[in-house]
Amino acid sequence: MEASKNMIGNGKIRSVDEAILLIKDGSRIMVGGFGLAGNPDCLIDALTKSSVRDLTIISNDLGAPNTGLGKLLTNGQVKSLIGNYYNWNPEVAKAYNEGVIDVKLLPQGTFVEAIRAAGVGIPAFYTPASVGTELSKNKEIRSFNGRDYVLEEAVHADVALIKAYKADALGNLIYYKTARNFNPVMAMAADLVIAEVDEIVAPGDLDPECIITPHLFVDVIVKGGK
Amino acid sequence: MEASKNMIGNGKIRSVDEAILLIKDGSRIMVGGFGLAGNPDCLIDALTKSSVRDLTIISNDLGAPNTGLGKLLTNGQVKSLIGNYYNWNPEVAKAYNEGVIDVKLLPQGTFVEAIRAAGVGIPAFYTPASVGTELSKNKEIRSFNGRDYVLEEAVHADVALIKAYKADALGNLIYYKTARNFNPVMAMAADLVIAEVDEIVAPGDLDPECIITPHLFVDVIVKGGK
Amino acid sequence: MNIIPEAEAKIRIAKRIARKFSESSKKIIINLGVGIPTMVADYIEGGNVCVQAENGMLGVGPVAPEGMADRQLINAGRQPVTETRGCCYFDSSISFGMIRGGHIDATVIGAFEVSKTGDIANWVIPNGKQLGVGGAMDLVSGAKEVIVAMTHTTKDGKPKLVKNCSLPVTGIGEADMVVTELAVFCFEDGEMVLKEIAPEASLDLIRSLTEAEFKVDANLKTMEV
Amino acid sequence: MNIIPEAEAKIRIAKRIARKFSESSKKIIINLGVGIPTMVADYIEGGNVCVQAENGMLGVGPVAPEGMADRQLINAGRQPVTETRGCCYFDSSISFGMIRGGHIDATVIGAFEVSKTGDIANWVIPNGKQLGVGGAMDLVSGAKEVIVAMTHTTKDGKPKLVKNCSLPVTGIGEADMVVTELAVFCFEDGEMVLKEIAPEASLDLIRSLTEAEFKVDANLKTMEV
């Protein structure tokens, strides 16, 4: 990775393959995207071609069978999932029922708030969502001002793979329409944040008022295939 | 206020005086700004000229004696304060010591997170700030992963007076440099949100990717003096 | 048992809910779930209704016309949609902040069952084939008004308005209104009240197809279809 | 007792801390408190240091030149500042998210007292004249490294490095480094260790002006001034 050190900015720019080499077996990996919008496709593709395994994947969904993130499951690279909606990929329920993987379901709002919490140093918070349902079983219920809430703990990751529209060379990011979704939140919540972008511009080329993810959250920038 | 109903958008636009009439005695009022940046000056000025009293003011600071928000205290309109830094206005400590007003101090990060919490329906959260200090006395301390945290409850208001740079007629807001500070967060956390802006533009004139406060948070728009 | 064919029933339900929104005299923000709820948008009239999608958009426009779809501009049902003037984008934490924080005036959701006290079961049928919850639990607990859009009975004629939910619930006592092809119910002080009845239906028919006890509003109306 | 005049002492402290940052081989994000900490920015060299201000800015530039001040562009000490290329703005909740979430590499703060176990007292002298805490409690608990910049003694020569803080604390065991005009201390395994000593000072002098017990590093250096 010596070569990139002389690149513009602070040398956060890497190739997709270089970036994926930073991921180790057994990692907890957050992956941005909702349905097919805002997925870091190139990073996901490279991850499915790598030999990395025993992964915990923290994501909204898991694509479809043998497609996108779903490929990780098909390949047997997944140990467990933390997420929200796997109905688009029936292989998830099957693998879970067969005891092949562990799955922790969180309501979508709790899921993203728990990720934000990890990013901003909040270890736990109370939310009304899931009170009285199966998903709050064995969790602490507490009343504030006469209403019941469930205690949810922060969800942190070793690595976040996110998708943005443009980065400047410092790592400031902007997004594109509903491809934003979980990406800015996950960018705050992992030890190593790898952002796949369509375009890399010079510092100062993004409007300081419109930058969504400030560069201090981003460790590595890769240019996607598009 | 009939006249404004025929204005563009959904009729959120009011005069400063009309807006201030919506505020009642005894209200809990959030006010944006940090030092002299990002204060809703015209709204503050009108509030100090009104007869509204027994107010709880939720703000970072309280201006200076007889200046800005400080005028509310000089005028005797304040019942209590929830905030963070009153060193710039020695009248606050004096009034507190004399038992004229009640003051609840929160660390700045806790203060803003508690406001956000109210805005996003989180009744309480844990934070490491203030553990072991006077400010966490009589608050619940709890350990997560071996570290102590203090439980802080959401801070909600009846009214928020905020300052933005531009609004579109729907109420979408953008800000200007460090005048942003507490304003977007307070915009989420009050029953009635009044935004003072330098300019009102037509819907569609603000870039959808760069809108900081979506219009659903804003109830009333006033054009500031400037 | 199916008095109204399913496709027609769905349209009727969507239209009835759309009318409620179209009649609003003030600006309202709504969130639409997958299925019948999505169809509601097609029938809303007037300019006072603004649609939020929990994947991060306010001011969602109609579904994108053929050939104009942008894979990166979708609603929460993964349909390609369009922009409206004054729309904006935000991340999922802000989106659910809007929902949980009570900033959404109404959410329309589908359901498998609704109980007589307003419990809603809509996220899973425990047959091991599905694993997913979505934003439904956040929506039913956070939106100011929860409107359930569902056919009155299952395909084999079993009541969906039940004494107690037999399926895992999404929220307890969260339903405010239920619209079926045969009736409109509201929850008032924890009790289910029949407000409207379809022209084809008699009160006896509604009773026979509804397991949950309900009151009949003194001002019972015929549902406009 | 004041071996170094106060103004000169402050510059020396600021320069020493600035040198630490200037020597960083990787990009670092720092937050500077009011007083001596703010002066640190004036002496930082090289392009690896990026300043965050907790009122909502990353990439804070130098103080605005006379006549160029913008009241709406200030740092947390309310000084008008300038932009740097690639700077950005955000609201206070994100700003303190950066701080609390461990995304700030170092914070430099002033203090009234630091105890031998790294407790810091810097927010209030209980005389009833001040009521304010600022962001100090969030900063000392959240930043990866907490560097205290303070004169070695009070104006009347009393030690500020004490056995136990007599003033209300800002955080418990949070100090990582203390830089005075006479010495540099680091906290290692909960113990205060003297790392550098000013050219004018002897170890005896430091001991006489320091109430807190401290170890002397085997590799004790002379402070570059």
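Per-chain residue numbering starts at 1, and chain names A, B, C and D are given in the order in which the chains are listed.
Heads up, the rule we're going with is that a residue touches a chain if its C-beta (ideal position, glycine included) is under 8 Å from a C-beta of that chain, and two chains touch if they have at least 3 such contacts.
Keep in mind it's a predicted model, so treat the numbers as computed, not measured.
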{"item": "Least step count from chain C to chain D, where 1 means the two chains touch", "value": "2"}
{"item": "CA centroid of chain A to CA centroid of chain C, Å", "value": "30"}
{"item": "Rounded Å distance between chain A and chain D, as computed from the means of their C-alpha atoms", "value": "35"}
{"item": "Separation of mean Cα positions, chain B and chain A [Å, integer]", "value": "33"}
{"item": "Contacts with 2+ other chains: residues of chain B", "value": "113, 116, 120-122, 127-128, 175-177, 208-209"}
{"item": "For chain C, residues contacting two or more additional chains", "value": "89-90, 93, 96, 99-100, 142"}
{"item": "Arrangement of touching chains [line / ring / star / complete / other]", "value": "other"}
{"item": "Listing of all chain pairs that touch each other, if any do", "value": "A-B, A-C, A-D, B-C, B-D"}
{"item": "Chain B-facing residues of chain A, complex", "value": "113, 117, 120-128, 144-145, 147, 149, 153, 174-177, 207-210"}
{"item": "Chain D residues touching chain A - in the complex, by the definition given at the top", "value": "26-27, 29, 48, 50, 52, 58-59, 83, 85-90, 93-94, 96-104, 142"}
{"item": "Contact footprint of chain D on chain A as seen in their complex", "value": "10, 116, 118-122, 168-170, 172, 188, 203-204, 206, 208-209, 211, 214-217"}
{"item": "Residues on chain B engaged by chain D in the complex (per definition of touch)", "value": "34-38, 60-61, 84-88, 90, 92-93, 96-97, 103, 105-110, 112-113, 115-116, 127-135, 175-185, 212"}
{"item": "Residues of chain D defined as touching chain B within the complex", "value": "53-57, 70-76, 78, 89-93, 95-96, 99-100, 128-138, 141-142, 168-172"}
